[in-house]
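Got some structures for you, see below.
Both of the next two complexes hold chain A, though its partner changes from chain B to chain C.
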Partner chain A sequence: MTIAARSDRRLATCALLALGAMAIAGGCSTQVDPPQFRMNMQDILQEAVESHSPDEFRVVGNEEESDKEDKLANIAKLETLTTLTVAAFGEPNEPYLLPEVRWNAEEKKGLDFKKITMAAGPTGGDDAKKQLGLFRQHCVHCHGVTGDGAGPTAAFLNPHPRDYRRGTFKFKSTGFNDKPTTADLKRTLIDGIPGTAMPSFALLPADQIEALVEYVKYLSIRGETERNMAGALFLQDEEIEAARAGILEGYLQPIVDQWAAAEEAVVRPTERPETSTPEELASSIEEGRKLFFNKDAQCTKCHGPTGLGDGNDGMAEKLYDVWNEKKTADDLARWLLPKQELRPRNLRMGIYRGGGRPLDIYRRIHAGIPGTPMPGAGPQPGKKETFTPEQIWHLVDYVRSLPYENASEPAEGQTHVAAAHSLSN
Partner chain B sequence: MGKVWSFLFLLVPVLGVGLFAWAPSNGFWLPRDISKHGWQIDHLFNFILVLTGVVFAATEGLLFWFLWRYDAKTNRTPVKYMHGSHNLEVIWTILPAATLLFIAIYQMNAWADVKMRKPKDMPPTVEVTARQFEWRLRYPGPDGKLGTPDDIHHVNDLHIPVDEEVLVQLESMDVLHDFFLPNLRIKQDAVPGMSIPVWFRATDTGTYDLVCAELCGWGHYKMKGRLTIESRASFDQWLAKMGAEEQATQEPAAAESEDSQ
Partner chain C sequence: MAIPEPDQELVKAIRAGGGEAAAGEQATEAAPSGEPAGWGNLTGKFVFEGGRPEQQTIDASKDPICTQHPVLNESIVVGDDGGLKDVVIYLATKKAPVNPEYEATADAKVVLDNKFCRFEPHVLAMRVSQTLEIHNSDPASHNSSISPFGDANFNPLIGAGQQADHQFTKSQNVPVLVTCNIHPWMRGYVLPRDNPYAAVSGDDGSFEIKDLPAGTWEFQVWQEAVGSLAAKPEWKKGKFKLEIKPGDNDLGVVQVSSSLFKK
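What follows is the complex of A and B.
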């Protein structure tokens, strides 16, 4: 036997050994992990709330000039905040819900824990081949682990993905200050948001959509509770007592109640004025056009006289939504996402982020778009309505006619009739 | 040792041809063809596959034979070098050139059917706009024209009627995408700034895949739609339902019951 042949054999033995080792290692890793037990979160929560005195919630020193000791005290506060949040909600990866927050069929409020666990955690299937970890599979790269809208791909997008933690949602069927309904979030998932990077998930099975919607609600409630508590950590004396009423009554329950109340707060417009004939539609569009230029409505201030969304162009004062307006240069040095200017919608594109049905546009005009400078023209709590429902319908007809109207010859009655004719044909 | 190695090389054509013989009857073959023109594409595919298969088997067989015949252990004759053979050079230049020319002419009709013989005097059935990472669809409303207020918008869920010519107006909103209907043997790049007509005739109803076949970004893998081919009657019904939903001025009844659950 030659030397070459012998070294060949040795090589083969080594390869076999290596393969065997890999097989054993592989075999070991498929072993079932030992069972994991959770700590009693309610006890931790109770303890955390009870063991902190009101003084701890007081802001120490001026943030700008505080010395090292003050800063340490503030860090300790943030640690308390984290403890409280994790105690009440678990981690986004491994959610937990206090019994009071779980779905209550009688009062029709709370979150469905089963659905949330379906969307949370690592992607994969369970023994029954049910898809798990949906949020990580479909959403997390933009919306982030905690729903902060700062996932790895977020920085490339305009607008940035929604930060759920404010509990503010733009496109919904409810009033300006209300939360969206479950059906609203479902609609956003199914239709996507045209004009943004949010794609459609129309082909996902219904149970997966529902699980994701429930998880978005969970992240939003978790984030908003944490946010409000963080605010309380730096409150003035008199507000501290209220803040100390406890996470549950003071922070969590009100938010859960708001979400439940949204289901009852759906904006249901009055019957739309008759527009079945081209002439009726044309006169409604003409009415709408007049209202569009109405001084009280101030539509043109942002959307421009031609509806191109250029009303604010060249103005010294830029427009921002609430996710962007407070970002200072100092923040930006630390924050991942740059400050984005808000552009009023170009109404001639025919692209409607919140849906293009007359109903959707009615609700946009009626309730406004929370988080943006777009005000609601319908009656709001503590604010008189700008327009009557009938007037809003005229505006809807006008806005919907804009993509089909020649921008260089606006306001010609003939154009409206032509557009109306093609609509009724 | 040398002869053992030559058998290893023989395994390549044997397994290669064997795999292709085994695959069609075991579900690893072209998706079911449900288009009128698809047979031409499949025929070309099979024709070229057999042609290259024969060349492949012959080349690999020759490689095996050379390894076997000229094994260093058994072949003691010294190697002789030659400058080249004019005749051989001519043969292996002209033969492939003629073959390629033949394929180029042979496929012209199929190419013309798919890319050039656009159905005349026909409005688009649907406008498909690809964007990262979804398929935005726009159907003409009752007036049969695109770009009018009664257009019907939809996303990812493409419906078309069976047994009639379908004309798709393909556009892209951002980057290169590729409109791929495997069962209809349709694959067309969507190019930003261009409006590209795509036409076909489906011969069977059912639900099939619509996928993006051009790497278009990180979400390319999820840019998947669904193609539903249905009778003209149920297509019209579906379109009318979509059109009515798009003109909704009140919450539809179905959504109401969901609201109150």
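What follows is the complex of A and C.
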């Protein structure tokens, strides 16, 4: 079996670039291969093959016959994954979408291919001087060509840039397992994410913002399709032919449907207690404070008794998000980004990544923050609410008051730690 | 490592036919037709060799409700008589016939309880068609976070006495980790499968899978601390083939060497 090496070819290209002048002097061609999407080997190895070694995909020749068969089967699956993702999504310079998943105004679902072509490809302009290649102009440095959050600057950032390929987004107006709405992604682009390296792109014209949002969706759908197909091929042992036949209805369509459904899944809270007078607000904050230390809320276990985000400090088991939790020490040399510990939010900074409006904080508490340890306290499919909307509003008022509360002078002459413990017992 | 090039012909075919045309000859794995020659039970016992490892006590003082009972590391649990607990053994072969006896429990509830700041049971196997009921018998909230590969994630806050129901939609080939981040030492495992042929070894290391179809099948063995458990040299990646005869089949005592657990 001969396989042309996609990633090896890329490496060769890099080497050529580094030796640019020499290459020209030597008469080599300096033509650069177009960029390619990087296959999600991290997830495939960690989760699907349950191994951390790329040797599962490398036939060296001296292995036993049964092992060789396994490896060849693995390689055939990778080949299928590459072919299917290229068939359905194209390459970075030549994006593609199957007609069935392009924008359908009647059903209000699908991706707008025009916007995607505006954001894709190399940076430049068209004949009408319309800006093209927006993603590579503004986003690729951090989020990478593939949208895997592993661009050249990613390793220097904490938190690492979002890897879109799980289809998991933390800050959104919808329920725990719902996708974000178009408006949510737009808001992230326009406002940026305070406390992180994600800047505001408020100065871009509206059509460019929209094109970028559509392209982020495209990269996310591409990544999630690839990931789910990898799961089916490697975990559920789906036949290669079945995966090919099911690419549209089995993989692509369900994800596109989820994105469409998100628009109807916005959490719109009710029963907000009246807080228009200082007295009413103070009473709501007080209710919220009681809930914060309540053993049903358990806020302090991560955010700490004073809200400094130090509630898990000193524990042997650190907190991680889903993008980091499976990385091992052995992986460090292999994966592009090191394992990053997750710090629970310091609630006294007044910096809120998902937005500081009461409604934003309500949604964080109600639905939880997908991909992180933060659970949802509101009702979810299969689960009744842990807190009523009114109780969540009280928590919101307390959380919003925390930056202004004096941490060293807790109320009633009692430390919050002691208060937390007495309430827990 | 080398990532294969896409098959350009196939790319064209898929784009032309929206995927359908490219299916080629559908390799429909012939589902074994008719009734198997009979049904057999598989029993066996996993025994830990090389001294009983001590379970470390976890400092659970982060939450006062967790200090009432000792919390132990459960990644290797060996009973008094050497039995290795929580080994999962399951049918790896796909599309084996299922005994009709199992239909009655196809949509049963399977309970995973948060009790004394640990998961009870620590490891459980279930069918995708069944519902996982996560209970909380402790006097304070837990969260139960599950991220199965290619399936919906789940992370509800579960108050004292509350419960959360979860439906898996996909079979997994290794148990999925369940964590509670409020009490980050808490780890449990759930294996959702699309057939009922999975068992978890008990306190004495013994297990039983009932009513397997007669025939030769492949089994997978898994243990938390090592993953695929190659207890015998011929069990490559924890897999082995075995002929199930109608009636009782005994795998016997499987010695699990402590050297497998040293990394």
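Throughout what follows, the second predicted complex is superposed on the first by the 329 of 425 C-alpha atoms of A that agree within 3 Å, B and C clash if a C-alpha of one lies under 4 Å from a C-alpha of the other, contacts with A are read in each partner's own complex, and residues count from 1 in each chain.
Here, a contact is a pair of C-beta atoms (placed from the backbone, for glycine too) under 8 Å apart; a residue touches a chain by one contact, two chains touch by 3 or more.
From a predicted model like this one, the values you see are computed outputs, not experimental measurements.
Shared-chain residue A:N312: touches chain C; no touch with chain B.
When the shared chain is aligned, no partner comes close enough to touch A:E107: not chain B, not chain C. Once the two complexes are overlaid on the shared chain, A:G192 sits against chain B while remaining clear of chain C. Partner contacting the larger number of chain A residues, of chain B and chain C: C. Once the two complexes are overlaid on the shared chain, A:E79 sits against chain C while remaining clear of chain B. Touch criterion met: A:A297 reaches chain C, while chain B stays clear of it.
Contact with neither chain B nor chain C is seen for A:E94 once the two complexes are overlaid on the shared chain. Residues common to the contacts of chain A with chain B and with chain C across the two structures: 5, 425.
Residue ranges on chain B touching chain A, taken from their complex, read 1, 132-134, 136, 142-143, 145, 147-150, 153, 155-157, 218-219, 222, 224-226, 245-251, 255, 258-260.
Residue ranges of chain A in contact with chain B, taken from their complex: 5, 138, 141, 153, 173, 181-183, 186, 191-192, 194, 197, 199-200, 202-203, 263, 266, 268-269, 271-272, 356-359, 362, 400-401, 403-404, 419, 422-423, 425. Those residues of chain A whose C-beta lies close enough to touch chain C in the complex are 3-8, 39, 41, 43, 47-48, 50, 54, 57-58, 66-67, 75, 78-79, 82-88, 96, 98-100, 168, 176-177, 227-228, 230-232, 235-237, 239-242, 244-249, 295-298, 301-302, 312, 315-319, 322, 368, 370-371, 373-377, 380, 382-384, 386, 421, 424-425.
Residues 1-7, 10-11, 14-15, 18-20, 22-27, 29, 58-59, 62-65, 94, 139-141, 143, 145, 147, 149-150, 152-160, 162-167, 170-174, 181-185, 227-228, 236 of chain C are the ones touching chain A in the complex.
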